[in-house]
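Here is the structure we will look at, set down as structure tokens.
When the chains are written out, they are named A, B and C in that same order, and each has its own residue count from 1.
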């Protein structure tokens, strides 16, 4: 397992990669301002290998990315883990594409995968631009930090001239306003309910799929996920891709984004072992699916915690 | 024009104090324009636009702008402990950066806390995409930005700017940068943000991404 | 700017102004005493004594006094819009008396008669939590209130009320409402402020808000 120090910005990742340092250190959740998300990680991985954005390069990055998720274990902020999963799914798509016989790019599925790759890199490039411009912001702020604006109270002779302030409300309205101002605001959230979902195991979902597929022989992705939603759908999708890699299923899809048909080609008995690349090791204590850590407190505290 | 517009904005405001000795700027008995500007800028606690200064001094905006620039240049050349700077749509006195160490302990508001990398990146996306929803910023950054956005709002760098059009009460909240953000970056306005294009690689250099 | 370009490469290494690196005033790498004094005086709200200035600049009081007097004389001779005056307790920048008419006009023209929603809410928090520090008010409001608090003080609605107990000189300044505030609201005393309870949401509503 390669351990990275994400302090590095993309361009200098090569110089600052620390191989073999304590992994407990490098994979902390509170990487905070040093490292935050999948795009950041992807760029770091790409830069570390000084790779061209080619399919071959990508496969290396894919493996490392997936290993990273795996290594992160239950420590991940669930919100981030979910985002990781989405990017991971895209990457696994691309990895799956590599497994296809070469020279058959006419296949629409292949084209769709190539499009997915282009889209992913377009987004990476966009993110990289913002990351770089953020560095410009930091530089400007650093240059400004030594300048203090004059902000003093007005000389009494002028303050006395200020027009009478119109409060425009009486004691009762004022009290109502105070009550509103003193009531704790609801923490703004965007549909984070799914983050409270219990941890989903790709391996478990694969077992569910195997049972179902052995029974029905052919089915559609829609049917396979009719009884679940959210992360579970993603997990079953990932499980399907793993089964595909094991040669246990084949896919048929008439149109891009059309109905995905699945046919069982595996054995009728015995365990079908899928790699649990996406599964977290069992949590040390029950209840990792509880409270979502406060993102910003972690970031704030990491300000002072930082060394070097 | 300006005066009218301004009063229209504050219909409730009726100045009643008699300004006895305004005279004319530059008259023998009145101060020069530059002097009057220096005095006014001494009492402001936020950047003041040259339009308002022109209105108060009853001089053309061009002339006021010229005077402000010459004052700023003069302070710089003389190496004064203060600077006159044009930021966030207006003019304001600042201490000179070389004196920071001496000034710090007198500044009530304290040192500006440093922003995290995550906050900086989120701020950059908001600055270039504003007004923008959290979901859009999340999509660009590839991670959830709820916590970071809250931090930026708390720091006064970002503020809410209504809701996504046509979505009504339930629509996503949109965010934009504040004038405090401009001041922190020393920018006159959003249009002074560096162009993003040079940071996006040319199509044929995409392959060199990592180099 | 080289400095800026450098920082851009190391966003994570923002230079913090090091007090240890003050050097000596007048050295090649530091500002002159007069420059440092100008900078300090530009940001102080209360007059500062020459003793404190001497301490901060690490120069003899005589020398500091000399520099302050020469600055004051220089501003007078050049007919600047500001003056450096020695008043009770020390030195402070003031506007020059000959410019008073323009400053007055600016104060009348440039200021709003109506409080912003942000100012009203801050005022409400101070009224019901007084005496209270800015940090506490910020925490309740979820935004930085430095500027708004200054407005409220300038408008005579809020005033300083000592420092947080046991924290000494460095403690946070506490704020309370003024008698002018009570007048504006038609109250005889703080105890006449309406009880908040009827306006607060029921407990179970609070739970809803928290979820």
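The criterion applied here is as follows: a residue touches a chain if its C-beta (ideal position, glycine included) is under 8 Å from a C-beta of that chain, and two chains touch if they have at least 3 such contacts.
Model, not experiment: these values are computed from the prediction.
Set against the C-alpha centre of chain C, every other chain centre is closer than that of A. Put simply, the chain nearest the middle, going by average C-alpha positions, is B.
Averaging C-alpha coordinates per chain places the centre of chain A 42 Å away from that of chain C.
Rounded to whole angstrom, the centroid-to-centroid distance between chain B and chain C, based on C-alpha atoms, equals 19 Å. Work out the mean CA point of chain A and of chain B, and you get 34 Å between them. In chain B, the residues that touch at least two other chains are 12-13, 15, 17, 42-46, 82, 93-96, 98-100, 103, 107, 109, 114, 117, 120. Multi-chain contact residues of chain A, defined as those touching 2 or more other chains: 33-34, 134-136, 138, 140-141, 143, 145-146, 148-152, 154-155, 158, 161, 163, 166. Against chain C, in their complex, chain A makes its touches with residues 7, 9, 33-34, 134-136, 138-143, 145-146, 148-155, 157-159, 161-172, 174-186.
Those residues of chain C whose C-beta lies close enough to touch chain B in the complex are 11-12, 14, 17-19, 21-22, 30-32, 34-45, 48, 56-57, 79-82, 93-96, 98-110, 112-114, 138, 142-144, 146-147, 150-151, 154, 173. Across the complex, chain A is touched by residues 12-13, 15, 17, 42-46, 82-83, 85, 92-100, 103, 107, 109, 111-121, 123-125, 127-128, 134-135, 138-144, 146-151, 172-173, 183-187, 194, 196, 199-201, 206-211 of chain B.
Those residues of chain A whose C-beta lies close enough to touch chain B in the complex are 10, 32-34, 36-40, 46-47, 49-54, 79-80, 82-83, 87, 121, 123-138, 140-141, 143-152, 154-155, 158, 161, 163, 166, 187-190, 192, 294-297, 299-300, 302-303.
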